[in-house]
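Chain lettering (A, B, C and D) follows the sequence in which the chains are written, and residue indices restart at 1 in each chain.
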Amino acid sequence: MKLYEHIGKKLFFRYDIPIPYGKLAENAAEAAEAAADLGEVVIKAQVLSGKRGKAGAIAFAADPGEARREADRILQMNLGDAGVSKLLVEEKLNIEQEFYLAITVDGTTRRPIVLVSLDGGMDVEEVPEERMIRWTVDPYIGFQDYMVREICRRLGVGGELRKEFASLIPKLYRLFREVDAELIEINPLAVTQKGFIAADAKVTIDDDALYRHPQLPVIREKTVLELKAEELDLAYVELDGDIAIMANGAGITMATLDMVQHYGGAPANFLDFGGGADIEKTAQALELLLGTNPRVLLINIFGGITRCDVVAEAFARVKETRGIDLPVSFRLVGTNEAEGRAILQKVGIKSFTTMDEAVRHAVEMDRPS
Amino acid sequence: MAIYINQDTRVLVQGITGRQGSFHTGQMLAYGTKVIGGVSPGKGGQVVEGIPVFDTAFEAMEKEPADASILFIPAPYAKDAALEALDAGIRILVLITEHIPLHDAVEIMACAESRGATVVGPNTFGLVSSGLCKIGIMPNRYFIPGPVGVVSRSGTLCYEIVGHLTENRIGTTTVVGLGGDRVVGLHFIDVLKQFAKDDDTKAVMLVGEIGGSAEEEAAAFVSSSMRKPVVAYLAGRSAPPGKRMGHAGAIIERGRGTFDSKVKALQKAGVAVAEMPAEIPEMIGDLLSESS
Amino acid sequence: MKLYEHIGKKLFFRYDIPIPYGKLAENAAEAAEAAADLGEVVIKAQVLSGKRGKAGAIAFAADPGEARREADRILQMNLGDAGVSKLLVEEKLNIEQEFYLAITVDGTTRRPIVLVSLDGGMDVEEVPEERMIRWTVDPYIGFQDYMVREICRRLGVGGELRKEFASLIPKLYRLFREVDAELIEINPLAVTQKGFIAADAKVTIDDDALYRHPQLPVIREKTVLELKAEELDLAYVELDGDIAIMANGAGITMATLDMVQHYGGAPANFLDFGGGADIEKTAQALELLLGTNPRVLLINIFGGITRCDVVAEAFARVKETRGIDLPVSFRLVGTNEAEGRAILQKVGIKSFTTMDEAVRHAVEMDRPS
Amino acid sequence: MAIYINQDTRVLVQGITGRQGSFHTGQMLAYGTKVIGGVSPGKGGQVVEGIPVFDTAFEAMEKEPADASILFIPAPYAKDAALEALDAGIRILVLITEHIPLHDAVEIMACAESRGATVVGPNTFGLVSSGLCKIGIMPNRYFIPGPVGVVSRSGTLCYEIVGHLTENRIGTTTVVGLGGDRVVGLHFIDVLKQFAKDDDTKAVMLVGEIGGSAEEEAAAFVSSSMRKPVVAYLAGRSAPPGKRMGHAGAIIERGRGTFDSKVKALQKAGVAVAEMPAEIPEMIGDLLSESS
């Protein structure tokens, strides 16, 4: 779960990580009021998209009037499907230098990794390897002071800057562990007269650990359908095509999408309904897909924990109660295959045994010759 | 010779009294796996599928020493059960559990490393040395002995591919599911090293997907040290960048781990990359007859 | 640093470890008042000596009158050189069973160790090995829930008791780590209708880590001289004999005492003034010793970091300013030995080269034939 | 052959710019020790006694790879410096520092164990392979080559005893100070194992004291596996029980670790226990001539 900047900064504040003075504004008047208090300000759309700067959703304002105008403008924007409902109005920092600092988990080493660079800002991805320090942390030993000394030596940093890093990184690491973060990123980490200030805050909490953090606000930036899928514990992503796809397992669902595209079709979604779903859940997944009004429905089941008869039964039930009148391409093999196939036949659906046949059939039906 | 596990591997089931645990204990026994005990706190003394249940892994190890343990433990308790198994002396830990918190997985791996134990998963279907020992949840009938070593990040997609092989009467030596999470114990490269040394494995099937850099690392290993033919299939060609698709690992980050970068790396290493699962049996069949 | 029971219990309370209701009393009236609030009570002298129970410094009282009388009696007591100035007046517990629970560091494994027994109470040292669980904890892994399950299995404990242990031990371990304890002991750990209650609390904080815990009260149960020695950073213990002993290093000081005893003498103290002391500190150590009015002074220096000339100079200075008129036996070898010897000669002191000679000389002077 | 350290051992000094660090660097150099660098954060580039100073142990290891490191670091910072040395790849860590917090020592030991490194101390005088390499703070002149291996919990008392040996022209192979704290890296038994294997060591001198159970464990080892003569001296016969005497370890706890229990265990194992330091040279001399 990604956190909005202002929530990430609240966490920073709680861990004694310096942040700019700022206020949250929900309309232009509040933004102007904040500017009256803070002087020169920066106004930032509170959205989860990473490209606010390039999209123009960050603006400076010298006075309350300008703050009002810019706030008005930004509140009208649409950023990555989502509107802007909140603005963070902060004192404009006198930035001398922009650093980059992040902590995440590296899948390759299976350990936390601290990333530090003296070249922060918008183009941090282009920083050459030798100017980006990657420090892998033994989770049992944790982040120790000597690591700051060595990181700073490699960066060629001493004096006050080293003291700032020595104070900052251990706090950030503690936050990282204690809130079960997947990623904490400060970019830019502003160097000012007053020392380091986190000018931005990107914090992503591990979804699987959210149950341990009931105090965190729930943040969702999803479509209504995606939210509904989440409630049903389905992995669902909307796409632009016409062929609705449902399969059991993330890998095989991806492979199904790949094949649809390979044969010239366009997937309408990604829907992995997981393993071992019961009739009820399978039926709900189907209903959700049908609600998106696709042109063709492609179901690809390779039964393992998932039982073919359960999927077929769910399909039959939905067909009877709600009606399914679009073309369906159904692939069904694996556990209780014969039973499943029989159920489908009763409701007039012929099923395929291979993914290849099923996908080709779906694509053909989508583009009648 | 089989890698990781074989007909003598003694297997413990943690969470044996649950729905999944008991069902798959039966399935593993049916496959021929030497399941020798189960653990379920507070249920010691019960019997599941003819297998004795113990209160703790220590008790199990005292009474029925095991080499490997498979965990059917809900995510919030999985770390504790994994550390228990490692502390009690388990050498191979198979973590079926999905949704284990990331930082818990990090700790499990660090603990396993300090004890020199092997972890498969989490969020894996397990592993099987075909015809000898299955420690996992995959359907028994697809896993018949043969010359192909299979290693996969996905579950059902792996069954799909092994199913294609089986239909074409191509069996497997060992099939390993790495698991779909960001932090997993075994990576492609670990399993490839074993396959490289295993005389019975004549060819290797690698089932990857977008995200992470495990496929690129595998390609580097194949290029430098692998003498056996390798076929790969990768899922996620059509995935839009940055969208999350069920596997936490399947996020495209910073240009690394894209479909194209993986295909390019593998092909450069001499790996044959299949376009579709259905092509795989023929590709492997050809490579096997070439090399023999 | 040992903590008084009531301070240990305050720590327990802060870590959510159940303790009895109780009040601190400094006189009999306060004790009676507490008994009026609490009903039947137990009154316990707040001293650091371990044998309060056997010494009669713990008493039960059924009503305020009895509480007043018992408090009066205990406040008159002398326990191991120390008077009783505070009493802990607690509700009398309805104890069903007495367990034993402790955490300390085991020098052999170099790791924390948790000790648990179902046979708590006064004679816990006699509990047979097989009824005392010793669980060594990897400091990096910490105390995990599964350890409670296994400890309870070995103890043959299930159900509610296991839940109580599962709740208690992890808290105690956290306390142990976070306050830098050397030892935490609950004996007895009372099993009551309401669950576990820590009927006693023995907490010893690592002296070397006290600087990290400024919030802890400073507790000293030492003689005035020992306190003064502590201020001077000397390792000093008062003993019953006549020969004052000063040496550099704990091992050699102990060996000097042993040899004094071997030759039939009686040491007046143990004073290790450490390595590398300067003239000032050495002189102060000497002054302290002389202040105890011993019959003989034995100084045993094997100079390494400690310089012989510095010790000799300190001795000469004290002799000149204060006068040293008791018999002195001085052994002086090692770094700058010649210089030291010369300085001593000037103030009329002949020094020995071996410990054996010096000790024998000291004992002879103490017992003139 | 020398145990732990020899003429090729490359030694780093952490805290080299301090009073103690610089003094003992000079002393070690005078003894012949290969001191190759020092560490003192913020003072990289300086030179102490002709030895280059680096900002971090990593930098030192990059530029002047070392095998061992000796720490003259104030107690509150000792854990950090010790972990740094271990992380940078130091194999033998000599902790001179006194008053390291107990829980810090526990962490240092756990970290060293996970990395397979040896820790001497804390609160030790160090160790010396006589005539070859001294890593410690003991006076140089007493440590001359010879046939006796010495291992001690105390400092000055050990010098006293080695001094007696030296006066009697009995030299030493290696002298190891275990350190006086409750938690130390090497125990008697570890060093005895090395002496047992060391051909140059013909007899062993063990200097113990009351408290703990290290002497009892040493006795068990001598009894089962030591073929060489061992002499022991123990301090603390006259200590009143339960009084703390400078060494945290020297507390008599629960009847374990008393003077009598140690003497009894050692004597039962065939160890000659000296009554007084002055007797030791003759005892050792007799045993050496017997065994040769």
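Going forward, a contact is a pair of C-beta atoms (placed from the backbone, for glycine too) under 8 Å apart; a residue touches a chain by one contact, two chains touch by 3 or more.
The model shown is predicted, which means the values in this text are computed figures rather than measured ones.
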item: Chain pair with more C-beta contacts, A-D versus C-D; value: C-D
item: Centroid spacing, where centroids are CA-atom means, of subunit C and subunit D in whole angstrom; value: 27
item: Between subunit C and subunit B, distance of the C-alpha-averaged centres to the nearest whole Å; value: 56
item: Distance between chain centroids, defined by C-alpha means - subunit B, subunit D (Å); value: 48
item: Shared-contact residues (touching 2 or more other chains) in subunit B; value: 114
item: Interface hub residues of subunit A, defined as touching at least two other chains; value: 140-141
item: Topology of the chain contact graph, where touching chains are joined (line, ring, star, complete, other); value: other
item: Chains grouped in pairs wherever the two touch, ordered by label; value: A-B, A-C, A-D, B-C, C-D
item: Subunit C residues touching subunit D - in the complex, by the definition given at the top; value: 105, 107-108, 110-112, 125, 138-140, 177, 180, 182, 206, 208-209, 211-212, 235, 237, 239, 247-255, 257-262, 267, 270, 272, 275-276, 302-306, 333-335, 354-356
item: For the subunit A and subunit D complex, residues of the former touching the latter; value: 140-141, 144-146, 149-150, 153, 158
item: Residues of subunit B touching subunit A in the complex; value: 75-76, 99-107, 109-110, 114, 125, 137-139, 152-160, 163, 180, 182-185, 187, 207, 209-210, 212-214, 217, 233, 235-240, 243-250, 254-255, 275-278
item: Residues of subunit A touching subunit C in the complex; value: 140-141
item: Complex contact set, residues of subunit D against subunit A; value: 41-42, 44, 55-59, 80-81, 83-84, 87, 111, 114
